[in-house]
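Note that the chains take the letters A, B, C, D and E in the order they are written out, and that residue 1 is the start of every chain.
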């Protein structure tokens, strides 16, 4: 049973260019998907809610990864676009658009906004661009707080649950499927993008924009495009968030959240499609784990011995900060690389080393 | 018998932790004290405290976790953003939610009040809403203006960040100010974080405001107070309930002198009242030595927790303890003071149509007369360098057109 | 002076590039290291200078000795302080500084007051650099190469590792560079390990030479012995004797000689 | 054409013409402006004065990315590969302007025809890979290759553009004799079999003499000579400025 | 138009701007050595402020002793941070290092709250006269200290980067760590130096802010607030950082004026610098004084 081919046996270019290289890996994928679809039957609401969060955050993180990892443009304003998607979807639903349609439309609307804010990207480079996106973050946040007609102002906006053909997807067990659907669609689309013309162009722009330009790649177009695509993903993720929480408030989309997106992407692995999902999982699960560790400690022997008391909360925050740092030190290339190495290990098993 | 699961969402480490810590500790200590000293229908409570760091997302995730595992029968909550976000959920799941947010939007259980935006049938809090507190302060301000023998129209300005919590009473305040004959100056904004607010103070001075409402929490209010003191602004500041307390007075020093703000309890730490003995006992839960000074928020936290406990006791007496029966427990008493907390917790009245627990607002004045930089709050209070001076108590009419905003 | 004993180098924990390479550079001599593209010449130099670390490479076996002390595993800046200076492949000048600043940086490890004089010395060797006062990044390829060599001189090292110093230089300058190499060796007594593709030039200045292939030394000998070696003649010097073979006449199919 | 950077006159009034189907070489001392000239042709720099036309079309002000579709490809003096992409992808980037499916069709890969298109182009790219004998490194990230191999991949990428004019900036730098022979063979084959016009900068006089049809010499940004290799070689100014006094020795040395 | 008010606002802007400039310069310093933008700069300010506060109140040290001790502590602190966190990341992509500084910021934010509590604390008065009058504007006297210090710091940096060989080494390290190493520069040492200096400089700013409006964890927000200043001036320009700070300071105050007089949007003070930032970047993509990257193929 191997997930990656152990030799070059491919006979056609199509086979060489597929995303899933062996039959077994395709099989594993199908089984995995089937297991995933059964999840609501066995898992509790808590586990499902974590998975749902991983889902919509993962989609948005993937968008950011396309921007940062593939095109090499750092953005510190992703949460604002995520928020825009959330508000846009809520607003559309308020104006009579059914939720299933509002989600992709919100994505498109966010993409348009992203394009506007992406325009400076054609001229700016590196950290200058990063800080310009920081400006986008604050400007959009200010806009959210001000535009009552759109966002409900600072009080936020309540929105409707996802309904399709009369079915309400308003519980974790049901909404889970909505999120899984979008995750699959968005991730497959990204994987496809990366192995076709425009995806390669994005990476080329990242690696060496001067020579990319001479290869006939229009820098301004692709730099802006990658903002558009990233914002589209953020918008869809945000819309899914909106119809999950059923309440959208400007407070959520602050700079801290933007930085968390960045952390997801880096922890998951820059330039790795699946890494985005892994990074999102890491950022969602880690605080939960630390939290449950803290709860387990609370009142326990260690707690009393060290008289931790209220400080456990600070220890938790510190643990999160430390986890990010340790992660970067010991796994600087992200979870995706660890995953690849693990696969490589199994490929050779039992003859590794 | 299994203990009742109780959720407790607190901010011990986030942006509002300066007030979140004393309030949350008050809630936690009170519930622990109840567990140790008296049972609810023979059962204890399993209090699950969660520090969400003032991040609404985390609160919601935790809420989901609880609802799928422990299913708390009631929840003690905190901030405005997360409480408003959870309103839909607690309504759906029928869980009474006692918040630290006093947003007036949470006070209309039916959603039918003229200016209400939504129904919040399971939301409760102890004390007057932000809007009602501000209304009371405005009424006092008008009296004060006359008492000082001033003529002409006093000028009122709302100050704070553009954020649900400072904004919550803005409309209510400006409406009443106009009604009372104030000149309402356009609101002045300043962020929720400390910073240089000299520009705002210069504006304030320039516009000649007489009364200014400070809508933020202590951290940034201090910056404003100090900046305004530096540039020499002559204005009467009206603090909000989370915006001023003993710790803020110490930090702001002389700049805090004279700020008027609402206090939710009938007595503050160190004063005598029949209920104080119990408060001291509760305080000892997290402070064995019994030496800590407890700010006003701690007492408010205790009262909020005790309301919930007694509502649960009522539910237990009537049979089942669940979300709906606890909610109904809030409606059974008139002028409700938790047993054993007389003279500390102010009387509350909740009805199925109106969750404004109290309309009586006690106003205090912060008095600082000396250097606050050395010594603890406790020392300073004891030495009299800082004092909380009762000003007056304003009893508002239970006007239906003031419900829900 | 420098001994490399049987070293193995691995990149990224998996890619084995050097497989038991040994060589020796005696004090005061010029030693040439020849080899095809990808043979591992640059890797060898980086292993000596310690710069492998920054590329996730590692010496996994064998040892490198300089003046009797082991230097494998030491941080690169300490190796520089011991007197080994590498002129890296591809020039690698600091493009957002001026030439003079680049030269001053070359003298980073020195603390004597003669830096100014040495800068003048470098300008004597490469007068062109003096005229270009702008940022080094705007220099032409060849000018940058001159700057890189000049920078090495500024460090006054005992041993210079040169990675393809003649690359991209005009014939005139190639000659000049090699004559400078000779002069450095003769006048200042600097020992030089020279990696070169221009085998003829390299062997003409070197005392001794090594030929590498796929991470191993396959042939070594005195420079004159190598010059006379048939294989070296055919694959590195081109043609037999004096008659040069025209590039136009090369057939599509060629005999490929590999020592391994 | 002239080009100035602030006070530096990189090129002064240089005019020349490359005819279809020839191998045209530019030589000159370091810093003479050779690379700058190529940069002007490929659009990296915009000449301060003068005009460049390609196939009768004025391309002086055309943005660089629009020149690839016209049929101008190039390699770089200081390598400019996409370091984190595989060799294959690097070369596929060269096909950019020939591929039609944009990001939307790319995302739905199987439906919009992107797949068929990719496969068709992949086939041609494989031909190039075979031609340059780099099959074994097809899937390696370009950044980890040795210098010589990278040069070859760069060439492959330039060929993938299907250029009519290919600009090579020191293609032989850093190669040993054997590899130079290979490279020379590739260039000639490109020129003769693939029908590309070649404009080459090279310092190796042996190569220049042997394979170019015409040579231009620049010095201090000025053209000092042009003509057939032999004519240029005989030019006294060239010998002084570029080759050094003794001709035979320098040709020998360069080989 | 109210000229007196306007004048006061501009004056205040310059004074506060100088403080922003100090923080901006400490950003620039780290950037110049490692191309890293330090998101924990605000926390460095906070740590400096808390430590100084602690020395002055718990140990009752006079300011003129406590302050230098605090700066000495920050030097060591900067080095420790570098050794523990940043040294292992040498050679990793810049973005990873930037992320690590985010981790640092989360870590120290919590640590400070744990150690010093969540309540704002006042600084003991350090000047006999807490306020003085400047052209009709009352300002805290400590701001003058910050003005003087910022001038000194700026000159110091300028000399360091243009004339000292360690300054050159720092720039070389930022450009290409491998090359710097090959020149004999110890990259870890250069980083340690830059982090130590940066920590000290931000501590100075932290103390000033602390004296003016008390020490509390929200103080670290200055770290983010200063970004427009850093970028306006150009990431790698010391002078630019200072100037950017001044511009942002004045801009904030003028925005407040415009807002209060005409717009009444409320939030202009905070947002105006960001609008200005975007505008300036569109005209000058490397800020006012930043050096353009060299693009040569």
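Worth pointing out:
In this text, a residue touches a chain if its C-beta (ideal position, glycine included) is under 8 Å from a C-beta of that chain, and two chains touch if they have at least 3 such contacts.
This is a predicted model, so every value here is computed, not measured.
Among the remaining chains, those touching chain B as well as chain E are A. With centres defined by CA atoms alone, the chain at the far end from chain A is C.
Ranking C-D and C-E by contacting C-beta pairs places C-D first.
Distance from the centre of chain E peaks at D, each centre being the average of the chain's Cα atoms.
Averaging C-alpha coordinates per chain places the centre of chain A 41 Å away from that of chain D.
Centre-to-centre spacing of chain B and chain D amounts to 74 Å, using the average Cα coordinate of each chain. Between chain D and chain E, the centres computed from C-alpha atoms are 48 Å apart.
Within chain A, the positions touching two or more other chains are listed as 142, 145-146, 210-211, 214, 314, 316-317. For chain D, the set of residues that touch two or more other chains comprises 35, 44, 76-78, 80.
The multi-chain contact residues of chain B, meaning those touching 2 or more other chains, are 12-13, 21, 162. On the side of chain A, the complex with chain D involves touching residues 12-14, 16-17, 189-190, 192-193, 195-201, 203-204, 206-208, 210-219, 225, 229, 271. The residues of chain C lying in touch with chain E in their complex are 49-51, 53-56, 75-78, 80-81, 85-86, 88, 92-97, 101, 104-109, 135, 137-138, 151, 155. Listing the residues of chain D that touch chain C in their complex gives 5-6, 8, 27-33, 35, 77-79, 144-149, 170, 173-181, 184-185, 188-189, 203, 205-207, 210-211, 241-244, 250-255. Within the complex, the chain A residues that touch chain B are 44-50, 53, 142, 145-146, 153-156, 158, 172, 245-247, 249, 251-252, 256-257, 287-288, 291, 295, 309-310, 313-314, 316-317. Interface of chain B with chain E (complex): residues 12-13, 15, 17-18, 20-21, 162, 186-196, 198-200, 202-203, 206-207, 218-220, 222-223, 226-227, 230-232, 247-248, 250-253, 371-374.
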